[in-house]
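Just dropping this structure here.
Which chain is which? They are A, B, C, D and E, in the order written, and residues in each are numbered from 1.
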Amino acid sequence: MDKQNWEPKIAAFVCNWCTYTGADLAGTSRLKYPANCKIIRVMCSGSIDPVFILKAFERGADGVLVSGCHPNDCHYNAGNFHARRRWDFFHELLDFIGIEKGRLQFSWISASEGKKFADVITKVTEDIKAMGPFTAYKKMNSEFTIDFPEEPSELPEPEFQENSDKETE
Amino acid sequence: MKIGVFICHCGENISSTVDCPRVADVCRTYTGVEYSVDYKYMCSDPGQNLIKDAIHKYNLDAIVVGSCSPHMHERTFRNAAVSAGINPFMVEIANLREHCSWVHDNIEAATRKAIELMRMAIEKVKRDKPLTKIKVPITKRVLVIGGGIAGIQAALDTANAGYEVVLVEKEPSIGGHMSQLSETFPTLDCSQCILTPRMVEVHQHPKIKLMTYSEVERVEGFIGNFKVTIKKKARHINEDKCSGCGMCITKCPIKKKAYNSFEEDLAFRPAVYVPFPQAIPNIPVIDETVCTYYKTGKCGMCVKVCDREAIDFGQKDTIHVADVGAIIVATGFKLYNIDKKSADSKYKGYGEYGYGKYRDVIDGLQFERIASASGPTSGEIKRPSDGRVPKKIAFIQCVGSRDDSKGISYCSKICCMYTAKQAMLYRHKVHDGEAYIFYMDIRAGGKMYEEFVRRAIEEDKVKYIRGRVSRIYEEDGKYIVKGEDTLAGMPVEIDADMVVLATAMIPQDGAESLARTIGIPYDKYGFFNEAHPKLRPVESTTAGVFLAGACQSPKDIPESVSMASAAASKAIILFANDTLEREPVVAKVNEDICAGCFYCMKVCPFGAVEVKDVKDINGIVYKEVAYINQGVCQGCGTCTATCLSKSIELAGFNNEEIFAEIAAL
Amino acid sequence: MSRKADEIMAADTLKDAKKLQASFISTEPFQESSKEKEKEKDNNKLFHIHERNVSDEISERTFQDVSLCYQCGKCSAGCPVRYYMDIAPNKVVRFIQLGYYEEALKSETPWLCAGCLACSVRCPKEFDLAKFMDAVREIAIEKGVEIKQENILKFHKAFLDQIKNHGRSYEVGLVAEYKMKTLDLFQDVDSAPGMFLKGKLDLLPHNIKNRKEIKSIFKKTSGKK
Amino acid sequence: MKYGYFPGCSLTSSAKEYDISLRKVIDKLGISFDEINDWSCCGATSAHVTNHKLSTALAMRNIMLAEQQGLDNIIAPCAACYNRLIISQNEIGKHTGIRKETEDLLSVKFKKDVKVFNILELFLKSGLNKIIENRKRELSELKAACYYGCLLVRPAAITKFDDAEEPESMEKIVEATGADTVDWNYKTECCGAAHSIARRDIVVDLSKKIIDDAITHGANVMVVACPMCHTNLDMRQRAMKRKYPDHKEFPVLYLTELIGLSLGMDEKELGIDLHYTNFKYADTLLNNSAKG
Amino acid sequence: MKELIKHARELLENGEVAAVIGYRQVSAKRTKPVIITDPEETSALVFNEYCLNNLAVYLTKARIKLLCKKNDKVLKLAITAKPCDVHSIVALIQENQIDRDTIHIISFNCHGVAKDFGFDFNGDNLASKCITCETHKPLYYDALFGEVKETPQASDTALARIKEIESMPHNERFEFFKSEFDKCIKCYACRAVCPLCYCQRCITDKTIPCWIETSSHQRGNFAWNVIRAFHLSGRCTGCGECDRACPADIPLSLINRKMSMEAKNLFSFVSGRSLETPTLVGSYNEKDNNELFM
């Protein structure tokens, strides 16, 4: 793979009320930022599960951003406070088992901080670019299951492992 | 599943950096996509028609629109989908404008990203489930807590709109603090004169059920369906029989054992009393703590004089239950007490002003009573200690307010105005009297307010001194007020005959426990929190509970009244429908696998999680699981992420959908 | 900092220009005006020398931000020595807040403060004014500002000298040194003989054993922070 | 009961009678003192108004000595010393920077919390009934104005023992001696403190106001617990007389002297004769009470 | 020991408890958990340095809960628990799994246990958790036995290992853990012995959608072990049973220990130490560390 032309793949989990709206504002303000980051909208930063991040890495993401409302600004009063505790832990855990802290980044971006959103995305993209592709994780994919093409030549059909078993409870 | 994909050019807003036809072409190749098209303005009428026609023509089950932010047009496209016969929650929006075309320059990169965003939305929509809005029936009755001016206004407005009202007041009469005031700023009209007709109106209104001397004990349920338990305290007077003649009051031999709290402890009241002559309802209350009958079993003077046989010593507290659809909280305020002992532990007293030991150092409400024509001095300004007419009064503002060291950082907002009014009233009544006002800033924002303060200074020659008072001493029956004129840079000492302290407004007693009973948040002082400081100032964060008046923050009468009307109209808006429709984005527990750790209950900001017993075939409870009340849940999903066994799913954003999005990254 | 150095520079040149103008018509000896100029320079020293902002310095030393004060004047109202001060205590804070450091540091007020803490306990913003005054005095000494209440400073210096030499205060030495410093020979003549007669004052100081340690404390703390 | 003892400079010279009476009184009450070896001046006003670092170091040196001597608590009878010690202790507790600075200066590590008590706390802690039990005389003819001065109760957040504006603890102790107390205004008003020498004019004015207020409220004696206050209120009465010719001498006693009197000691024993103001008037009152 | 037996016997005879969960000796250096319902059998109960199992794990099992239901009456359950096992019980009470009123805790003054069966009890063979143990006396109990004895001294090798891992660069750490996790055979013994893994259906068993891939390939192994550690973060009381149970010798408790250290460091919280302190998960403080967030 040509490292020069490599573009990182970044997932951003953002809350509907602050950061998503902040991203909208970045758009209406015509601010420019790299196109590597794709947003997955959830209702509140409190509803983002750490497994989502692992799933993103499994699906070939090189970095993940999690963003919500500033403390005390949560649309649901306290969702982001619970999230903050959760991420503090998860971040330390990932760091301990060898995933650099820069791979998973966090921010509080309010609905009025379009500029901040653009800056954060730019910074995260640059950070991840500097770190290079997350080959360590991707290798785990390639060694056992499907081959993940490093640079898809044609946009592939999304594949999503769905267990055909019905839930048995 | 048949999916339709619609890519909007948004004029050139999207198409200038995103190759829309190419996006549509690529989307067409994805499994499940039956139809894919791009169009100049999807949100326009022809655009919407395009969608509707496609739905009909291709029998689509779900659609994905690549357009502007869902915050802009999600509703438009959902409505279009509904009118074409598919569920509104089978519509996904990919944000190709704000999140893509507007923020990127490179056409290739932007187009790629647009395709990926579409891909994520398509994967999500495949897993979307049709949802129906949650319908909750509404009990069209309002509970108003607090019978001050805010509560009265809210009750009258709601009742006049044709809805039933239960008005609960903890004192024996409605009227609140406004009934205690002498005159009101900035018009100097008599407070009683404007209030009393409203009180009577409440009493006579067929839609209002007035419950005085009562308190709210419990609140269960949720918006549209609250169940309220109210304790009616025993008056020891049969309300149906009593005619309000007042014979019992005049004949009661206990005259000087209890302070009259309506007169702010400046006078006494008998053991059987009405708080004030214009009380509504005009039915007395027997105070068990001082009544001789309750001490010795003798006396019974009131029984003898009552020709209606209304005295009932054996009366007990009664419990009433009311079903209501909305609650308006209007519990108002009380004044901070400078006393060392009676001041709440949260606040410290004012030792430098004597901790209330000086009898002629009084607070604003006491001065109102002294200045009131119906007050203990019949409106003559006299000193409580010796009844002399004070020739010099020092008014001190911000006592407690804006004072971090005493525990209150906020501005009580109304003191500037009422102090000016009181000084003015004093100067009108005692022509040779001198009035000094110690202030920090004058906050006179309001119609005719600044003019009013200037009038006090210019016409009534009230002397304003900018500076806080450090100490008050008593010397030879005079009160030495030590201050500093910070504008002149000179120390000031005034030998006043009387000192009036504009003490801070703090929440009414029991505000915090009431808030916990209802389940609404409050700030560190005990003022109830509004849902949004700008856009939802009269709603609490608990749906169906509205706030009115000074229980939310210090307020004057016009503000309280307008807030009360706003709260009433919020309730009326709620009642305009027979059932309540809510976005179906709520969490649901899979009871079979819930382990009952109740972490969800701990994290839920709305208290929507309840304990549910799961019973076996024999009806024996074998486990406890979480149950989420759909009426209360606001759909944040914090519980879903906290749940360790993943037994909770948030409708509309369930984990399957999000995993699909991640997979399609 | 409200007065910027360049503003003052501008003011200086303006003054100089005026003086220059005046020197054409006046017959005053040139020497004196240069002396005056030097003095003026000296006065402006504060704004040029100190590398750090005085209000920051005070905030740092007292662990409280001077911007806390909202100028209600309660401190001045309750100050027992307010009548003897040149400016009100709250004004000293005001000057520091606004950057008029010179005016604040030269004021008599901090020196007259008796440290009774009435202001600190009553302050609605819980601003410890007594501590603030300590810091102002300390900085005034460090910056070598002219202190108008010099007797008070002389007293404190004489007192500390006693501790430095003996480890404890030695009242006879204190009074003697103070009188030498101030040349105020007659004050307290009425009380001192009485004290001797009653056997309260010892003619010899109480020296503590470990005077070396006291001296080293003095030495180590005398340096500028 | 055993306490560490930090007399402070004044108690070895100008306030000798305070030291004398204190030692006699505690002896009677069965309390003993363990004086800090080689204690030095707390730095007093002069240090903290001119050099913050120095003042903390001087005060903490004594705490250090107490700690090394194995004392858990110290009684500082001088209100000014008490205030300096407790404030310095609070400061190093609150700000690690100052703590480190001071520890480096004294080359020591502060480990335990040596509690500093003032004279009022000593009597309140050791029990007022002890005074009542050992009381030989009831000083019921005395109407005492209890003067706390500024440094005994302030700042209340640090001293944590009585109200800063309306303290009542000294009244409780004085009432245990059988004497009456008066409610007056200037309990905590400042006497001018360390300005005693450099600005005697201020001290005379302030002290005059305090004494006048006590007299207005019906007191016939003032009780103090601070050598600096005593100097200003007692010794300065001569200067007061010069400035205000109609000033009448007003007796000012140390709290310990008053307790001593009630425990049956005489004026000379307690060092009351070392005061500038005479206490004869009180003598007659005491005689009266003995008769009645 | 006699007192323990007597006490257990009395409990059963008086009908105060439905069963006593305890240990019985099987050989000199080996015990086994036993559930006793017959007073006569109580003589088998022991407590010594080889009572390794954390019996709290049984408290949440449905079948054992059934034991307590006798004729519409709910009887108590007695459990012999080391002071460290009491931490697990506290955590379970806080997580609403058991009711303090229905549990009778028989605990002991503990001076440590051996690291596994068959080892001599001394400083070299001390269980890792005992090295840093601070609760030799239980925090909560209904009956307390055993004399106070000195715990043998031993060096904290686990901490040294954590420090060693922390000093490695990220890629080495990742490779280290990847190879460790790779040994996992997904037997879920760690889950079975953990008293706090009481879910009726584990996250890894959830299939629609599939949260954690169950095949034991690298990716699934990695996800399982990370999520297992995360789910125990702030909850794990450090009993170390997972380590003992793991047939592949994955250093599970090492990660748990590290996360407990973080809990203490970030939130000054130690799990299972107090019934009054709110649980770490499920509560928050507005002043929590905010450095993470841009």
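For this structure, a couple of remarks:
Basically, a contact is a pair of C-beta atoms (placed from the backbone, for glycine too) under 8 Å apart; a residue touches a chain by one contact, two chains touch by 3 or more.
All figures in this text were calculated on a predicted structure; none of them were measured in a lab.
Annotation of subunit C and subunit D: jointly contacted by B, touch as defined at the top. Each step here moves to a touching chain, and the least such steps from subunit A to subunit D number 2.
Removal of subunit B from consideration leaves the following touching groups: A, E | C, D. In this structure, the chain pairs B-D and A-E differ in their number of contacting C-beta pairs, and the larger number is found at A-E.
Using the average of C-alpha coordinates as each chain's centre, E ends up farthest from subunit C.
Nearest to the common centre of all protein CA atoms is the CA centroid of chain B.
Each chain gets a centre from the mean of its Cα atoms; for subunit C and subunit E, those two points are 65 Å apart. Remark: subunit A and subunit C have CA centroids separated by 59 Å (rounded to whole angstrom). Centroid to centroid, with C-alpha atoms defining each point, subunit B and subunit C lie 53 Å apart. Shared interface positions of subunit D, i.e. residues touching 2 or more other chains, are given as 164-165.
For subunit B, the set of residues that touch two or more other chains comprises 352, 592-593, 603, 642, 655, 659-660. In subunit A, the residues touching two or more other chains are 78, 82, 86, 161, 169.
Taken together, the chains touch in the following pairs: A-B, A-E, B-C, B-D, B-E, C-D. Contact residues on subunit D toward subunit B in their complex (touch as defined above): 163-166, 185, 213, 216. Residues of subunit B touching subunit C in their complex: 352, 398, 402-406, 440, 466-471, 482-486, 489-492. On subunit E, the positions that touch subunit A within their shared complex are 165-166, 168, 170-178, 201, 203, 206-213, 217-219, 222-223, 226-227, 229-230, 233-234, 255, 258-259, 262-263, 266-267, 280-282, 284-286, 288-290, 292-294. In the complex of the two chains, the subunit A residues touching subunit B come out as 9, 11, 20-21, 23-28, 30-35, 38-44, 46-49, 52, 55-56, 59-61, 74-79, 82-83, 86, 118, 155, 157-161, 169.
Here subunit B touches subunit E in the complex through residues 592-599, 602-603, 620, 622, 624, 642, 644-647, 655-656, 659-660, going by the rule given at the top.
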